[in-house]
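Each chain carries a letter (A, B, C, D and E) given by its place in the written order, and its residues are counted from 1.
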Amino acid sequence: MTLRLTATVAERDVDVSLDVEDGRTVALLGPNGSGKSTVLSVVAGILRPDAGRATLAGTTLFDVAAGTWVPPHERGTGLLAQDPLLFPHLDALDNVAFGPRSAGARRGAARETARTWLGRVDAAELAGRRPSELSGGQAQRVAIARALAADPRLLLLDEPMAALDITVVPAMRQVLRTVLRGRSAVIVTHDVLDALLLADHVVVMEAGRVVEQGPTKDVLARPRSTFGAGIAGLNLARGTTDGGGVRTAGGLLVAGIHDDETVPDGVAAVAVFSPGAVGVHRERPGGSPRNVFAATVRELEPRGSQVRIRTDEVAADVTAPVVAELDLAPGTEVFLAVKASEVAIYRA
Amino acid sequence: MTLRLTATVAERDVDVSLDVEDGRTVALLGPNGSGKSTVLSVVAGILRPDAGRATLAGTTLFDVAAGTWVPPHERGTGLLAQDPLLFPHLDALDNVAFGPRSAGARRGAARETARTWLGRVDAAELAGRRPSELSGGQAQRVAIARALAADPRLLLLDEPMAALDITVVPAMRQVLRTVLRGRSAVIVTHDVLDALLLADHVVVMEAGRVVEQGPTKDVLARPRSTFGAGIAGLNLARGTTDGGGVRTAGGLLVAGIHDDETVPDGVAAVAVFSPGAVGVHRERPGGSPRNVFAATVRELEPRGSQVRIRTDEVAADVTAPVVAELDLAPGTEVFLAVKASEVAIYRA
Amino acid sequence: MVSARASGLPRWVLVPAAAGALFIVLPLVALASRVQWGSFWSLITSDSSREALLLSLRTSAAATVLCVLLGVPMALVLARTSFRGQGLLRSLVLLPLVLPPVVGGIALLYTFGRKGLLGETIDVLGLQIAFSTTAVVIAQTFVSLPFLVVSLEGTLRTAGQRYETVAATLGARPTTVLRRVTLPLVLPGLAAGAVLSFARALGEFGATITFAGSLEGVTRTLPLEIYLQRESNPDAAVALSLVLVVVAVLVIGLVRGTRGVSA
Amino acid sequence: MVSARASGLPRWVLVPAAAGALFIVLPLVALASRVQWGSFWSLITSDSSREALLLSLRTSAAATVLCVLLGVPMALVLARTSFRGQGLLRSLVLLPLVLPPVVGGIALLYTFGRKGLLGETIDVLGLQIAFSTTAVVIAQTFVSLPFLVVSLEGTLRTAGQRYETVAATLGARPTTVLRRVTLPLVLPGLAAGAVLSFARALGEFGATITFAGSLEGVTRTLPLEIYLQRESNPDAAVALSLVLVVVAVLVIGLVRGTRGVSA
Amino acid sequence: GSSDDAAAGSSSDGPRETTLTVYAAASLKSSFTEIGAAFEKANPGVSVTFSFAGSADLVAQIQQGAPADVFASADTANMDKATADDLVEGTPADFATNTLEIATPPDNPADVDSLDDLADPDVTVVVCAAEVPCGAAAAGVEKAAGLDIRPVSEEQSVTDVLGKVISGEADAGLVYVTDVRGAGDKVAGVPIPESADVVNTYPIAALAGSRNPDVAKAFTAYVTGPEGRSILTAAGFGAP
C-alpha cells in the first residue's frame, strides 16, 4: 500500500508532496497550523485539494488535473481525526462496530470485533456507554478503537495520544506498534517518542510546506529545521557558512565542526548542539569555549536529575545543584557557553 | 478567593473534597475517567452534584442540603473545558471578547482586551478567522485566550496544553504562570511539568476519589499513589510492611529503607524507587542487590542520553550502550535488580 | 464532555411564552365551553361522524407516510447539495403553504383531473383518482409536504455534517451514512416535521373539497363533515371539532411517546 | 476541524426528491397554464386586488412578527426546560394546525368576540377587535404560531446546549446567552420557522373570514378576495392565486437573500 | 345606544358621508355589487361596503356583534336564526328566488338532457349535500321526480359543484339557474321542469344593531324595489 501524494490546498496555503512506502509508518510533525491535519484530510478524501494527485498501491485516489475523485468510503483509508466525534446516538460498542458493519459484517460479528478492539485499548468496560457519558480520555480511546476496527489499508492517525493520561500512553503505543506492523500509516504527533517508537520515517511541516524528511533517527539526530531540532530537544542556529562556523541572520557567529570541510563560505547551513553541551555562567566566561551568548532565563524545567534552562533561543541542561549555586530563576541574566567541538555544522 | 469543596456525583461515582487556598494553584492529576473534569464542572456550576457544598471566598456556590445553587454566570469562576467549543458563529476575536462583553465592557473595549489576549497566546493573526477555519492547536490557543480574558476570580483549566505543539508549550506555560500569579486556580493536566512549574499543590484522583494531595514537591518526591508515582516517573510497590520491606498483594517482598523504623509489621505502606536505580540483567544477578524481579521488556523509550526500559510493573533507565550490549528489545526476558538502599519505604 | 440543564433560561422568557400559550389555549377553552355536553356523546358517535373520523385518520396517516417518503429526500437534497436554481426550488416547495387550499385543489384538478395535465396518462394506466380516497390523500400530501421539507431542512443544516464525514472515513457508503448516521441524528426534527404534516393533513379542508369532493365514507373527512354540520347544526360542528382536537392530541402524544422525541 | 462537501448523498435519493418536487411544481405549472394572460394584467391591477394584496402583506408581516415574539419564547421553554404537563402543552400548541381554520375562527370569535370569553374585558378597554384589521392579524397569528414553535423546537433540540453552557461559564447572564449564542446558532431554524409562518399567514382564509369578516380594505385579504372571485369569476381567482404565489416567492427569496439562510 | 348619534349624523344635515355595511351571501356578490353602486349613485353621501361570506358565517358574526347594518341571506334558515336572536329590525323581506338547473360542460359529453339521465350510473353527477340549501333543493327535486341519483360527491356549496363541472371532472351537476348564467360559456344549462316545485327564497333585513337604521331600511327597500329587482332578474333570480 504505497501512498504517493502531491497536493495543494490554496485556501490554507498548504502545498505538499509526500510518500509512504508499503508497510511503513510516517510520523508527520510540525507546529500548530502547519497543515498536518489538512494533509490527512486530503488523503482521506474529506477535503478537495486545488491541485495534485494521489495514488494508493497504484490506484488513483484523486487527480485534480484528470478530474478523478474517489469518495472517502472507497479509498480504503481510515482516519482518526483530531476531534474524537463519536456518534452521539450510538454507544461505545456500536461506535467501534460501525466500521466493520459498514464493511459488510453482520451485527453480531461486528460487535465481536468491536469488543476485541475496546479491550485492546483498555476500554472494555465502557462498551455500553453513550459518548456523552465518557470522559475526554475515554472518548479518545474509543475513537482509536473505532479507527483501528475499520481495518483500513492506509491508517491516518491525527494525534492519537491526545487526552490520554501518561500511565496508559505506553500501553497504547504498544497497541499501535502491533497494529502498524506491516501496515502503511501516517501518524501526526507532537511527541518525539511517538515518532521514535512508531515511525520509520519523519516528515516535518512548517507553514504548509514539507521542510524536512528522512529516516526518523537521521532527522532527530541531525535536524535541518527549527521545529525538527525543537522536537529532538536540540539547539539549532540557521544561517550561512562563514569560516569555521555559521553566521545567523542576526549577525551572530556560531563556531563548530564542519561535516564536510570542503564547503565554501556563504552556503546555507545549520549549527546543531545539544542542551547538555551548554554551560551556564553568571559572569562572562574566559577560556576555551569559542561560543558565548548572553541570554535571559525564561523557564526552568526539571527533567529527572537535571534541569532544562530555557532562554529565548538556546536551551541548556544543568544539574539541580548548579541551579541552586547560580541562583537561577526566570529573569536571571546569564552567559551560555558551548565548545565549538560540541557543535555540528552541516548544509541545510 | 479560597475554594472549599465537598461534592458527590453518584452517577459518575465521584466523591471528593478539595480546597484551594487564596492565590494558589492546584494541579489536579489522575488517570482518564478519574473524575477531574467532573470536579471542575461541579465547581463551575454546569453539573449539579447529588450532595455536598462549596464556598468561594466565603460565599456559597452551592449547598445541596440547604438547596442553594448559584448559577454559573454568577460564580465568578471561569472554565476552560477539555473540548475548546469555540462559538461557531463568531470569529476568534469575538470569541475571546465574549467574556469581557458579558462582564459589561463595550464592544470596542472588549475587542481591545481580546486582541491583547490573542497576542499573548501567539494567535494575534487568527483574530478574523471562524473556528471552522482553525487547526486543532490554534483553536485550543483561542480557547485559552477566551478563558483568560473572562478574568474570573477562580480559574479552572482542563488540560490547557492539549493539542499544542511542543515548541509553543514553554511559552504558553510562561503565559499561564503570569496569569496564575496571585489568582486561585485549578489546573487539570497529564504533564508532570505543568504540575511542577505551575502548581503549588497537587491533588491526585483515582476512580472518583482523591487518593493523595499535598505540596507539589512532596507528592512528586514521595508519591503514595500508583498514579502519583507514575506521573513522577518513579516505581511504586504497594503493600503492607513486613520486616525490612513491603509485601505486595502478589506476595513479592520489596526490601528497602524505612522512613520511620518504629512502624510495626502489617501496616499499609509503599516502596518507591527511581528507574535510574534499577539494574537490568539477562542472567539472574548474584551479589548485593536484595531485590531482584524477573520481567519481560515491553517498550524501549529513548530519553535524551538514556533509554527507559518499561516492563509490566517496573521501569528502568539505562544508557544506550547497555541496551546494545544486552541486546534488549520488546519481548526480551530480563532480571531487574534494585539495591535495598535505593528503595524508600513509607506509610501509604 | 459535560452537558447539564443547569444554565437555564432567562426568567422573562416565561412571560411571552405564557402569553403565547394562553393565546392558543384560550380559544380552545372558549370552544370547549360552548359545547352542549348533554348531546355531545350521541353526536360524536353517530355513524357519519365515526366514519369521517376513521377516514380522516387513515388518509392523514397515509399522507404523512407519503410526506416522509418524498419529503426526506427533498430536504436532504436542499440541505446537502448545492446547485443552480436551488433557491428557486426551495421557494417553490413552500408554495402549497401560501396557496389558499381551495386554489391548491384547483391546481390538483388541473393536474390529475380527467382533463388535467396528467389526465390522459392516468387514464391509460386505468387509474381513477378523482372522487376517490386516493384523491384525498393526494390533496393532503400536497398541502402537508412543505412542512416536513422546510422543518427538516432547518434541522439538517443546524446538525451539520461532521458526523457524516466521520462515517465516510470509516468506510460507510452514502446509503449507510444516511441510514445509520444522518437520519438518527435528525430524528427529533424529522418527528417534528412528521407531526406537523400529520396535523396539517388532519385539518385539511379546502383542497380536499375542491379536488376530491365530499362523499360519506369515501372522501368526506372529519373537517368536511364539520363544515356540513355547521350549516345545519353549529353545535354539532363545535363538538366534532373538539373530537378532532382530542384525536390529534392523542395521536401526537402517542407518536411522541413511542419515538421519544423529548430527548 | 475539517468539514467538506465531499462525502455526498446517495444517488438514489435524487429520485424521490425529484418526484416530490414534481408533485409540488406540476400543479403550479398546470395552474399557470390555465391563466388567461390576456386579461391577467388588468385583473391583478384592479383596485380591489391591489388593496387586498397590500392588506395581506401588511397583516402577514405583522402576524409573523407576533409569531416570532410569542413563538421563540415558547419554543425555548419547550426545548430547554422540563416540567409536568409539558407534553400536553406541546400537543395543545399544535392544535391550531389540526383545527379546520373555520372552526379556529369560531373559537376566536368565542374568545375575542363581543360576547366572547374576553369580550367584556376588551369592551372595557374600549377596543374593538373582531371584524377589524387587528382581527385578521390575530387569526393569522393563531394559525401560524404552531409552525414557528414546532420547527424551532426541533432545531433547538438538535443544536443542543453545549455552547450555552460554555457561555455561562464565561460569565454571560441567561439573557446574554440567549441573545448572543442561542439565537444566532439556531438562526437557520428560526428563519425557516418564520418563513413557514409568513407563508401560512399569507394563505390564511378560513379563520379570517369567520373571525374578521370580509370587508374591502379592512379585512378582505387576498385569499378572501380569491374566494369571492371564484364565486363569480373562477379565472380571476386563479390569476390572483398566481399573484399570491409570485409575491410569496419574492418575499421569501428576499428574506432568504438578506438573512443568508443558505449557510 | 350607539345608533342614536349615527342616525343623527345622517338624517337632518343632508349629504354627509355615511357608510353602510351590508353582510350578504357570497352567491349574491355580482348582483349586490351592482345594486350597491346604483344605490350610492341614488343616495349621494352614502357609501356601501359589503362583507360576502357563507350565510352561516355571516349569522355567526352578527351574533358576535359584527358591525353590520343589513343582512341578506341565501336561505330562510339562516335568517330565521338571526330573527330568533332578535338581531333583526322589523321582519325580513324576501327579495329573490332561485331554482335548480342541470349544469354540464359546454360540449355535454354525457349527453344529459333531462333529470332522468342523472340516474344513469355511467354519468358522473355531483350535487350539493343535503345540509346546505342547494342540496336540500336537489333532494326535493329528486324526490318530486321519483328518481334515485347516485352522486359521486355531495359538495358543500354551489361553487364546488360548478368547479367540478367546469373542470370536466363531472358530467353534470345540479346548481341554481343564476349560477349557470353567472358561469357564462363555461357550462351549458339544461333546464328541468321538476325544479318549479322546489324554490329557494332569499330574505333581506335591516339589523337591530345598525348605526344607520334609516339608510339600512332605505337599502332593503331599494333591493326589493324596482331597481334591485331589475338587476336581480338580469342575473337570473326569480321574483319572490
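Assume a residue touches a chain if its C-beta (ideal position, glycine included) is under 8 Å from a C-beta of that chain, and two chains touch if they have at least 3 such contacts.
Just so we're clear, the structure is a prediction, and the values are computed from it rather than from any experiment.
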Suppose you hop from chain C to any chain it touches, then on again the same way; how many hops at least until you reach chain E?
1
Select the chain at the greatest separation from chain B, using centres from the mean of Cα atoms.
E
Chain centre separation (chain A, chain C; CA means) in Å
55
Expressed in whole Å, how far the mean CA point of chain A lies from that of chain E is 87
Distance between the CA centroids of chain A and chain B (whole Å) is 23
Counting in whole Å, what is the centre-to-centre distance of chain C and chain D, each centre being its mean C-alpha position?
15
Return the residues of chain E touching two or more other chains; collapse runs of consecutive numbers into ranges.
60, 163
Residue list for chain D, restricted to those that touch at least two other chains:
1-4, 6-8, 102, 106, 116, 162, 165, 167-168, 173-174, 177, 185, 227, 230, 234
Residues of chain A that touch at least two other chains are 37-38, 45-46, 71-72, 81-83, 134-136
Contact residues on chain A for chain B in the complex?
30-34, 36-38, 82-83, 134-138, 140-141, 158-159, 162-168, 170, 173-174, 177, 190-193, 196-197, 226-227, 230-231, 233, 276, 298-305, 310, 317, 330
State the interface residues of chain B toward chain D in the complex, per the touch definition above.
44-46, 71-73, 76-79, 81, 85, 87-89, 98-99, 101-103, 131-132, 134-136, 139, 146-147, 150, 152
Would you pull the chain E residues touching chain C in the complex into a rising list?
56, 60, 77, 124, 126, 129, 131-132, 151-156, 160, 163-164, 167-169
How about chain E: which of its residues touch chain D in the complex?
21, 23, 26-27, 29-30, 49-53, 57, 60-61, 63-67, 159, 162-163, 166, 182, 186
Which residues, counting only chain D, touch chain C once they are in their complex?
2-17, 19-21, 23-31, 33-34, 69-74, 76-77, 80-82, 86-104, 106-108, 110-111, 116-118, 141-142, 145-147, 149-151, 153-155, 157-162, 164-165, 167-168, 173-175, 177-178, 185-186, 188-189, 191-193, 195-196, 199-200, 202-203, 205-206, 223, 226-227, 230, 234, 237-238, 241, 244-245, 248-249, 252-253, 256, 262-263
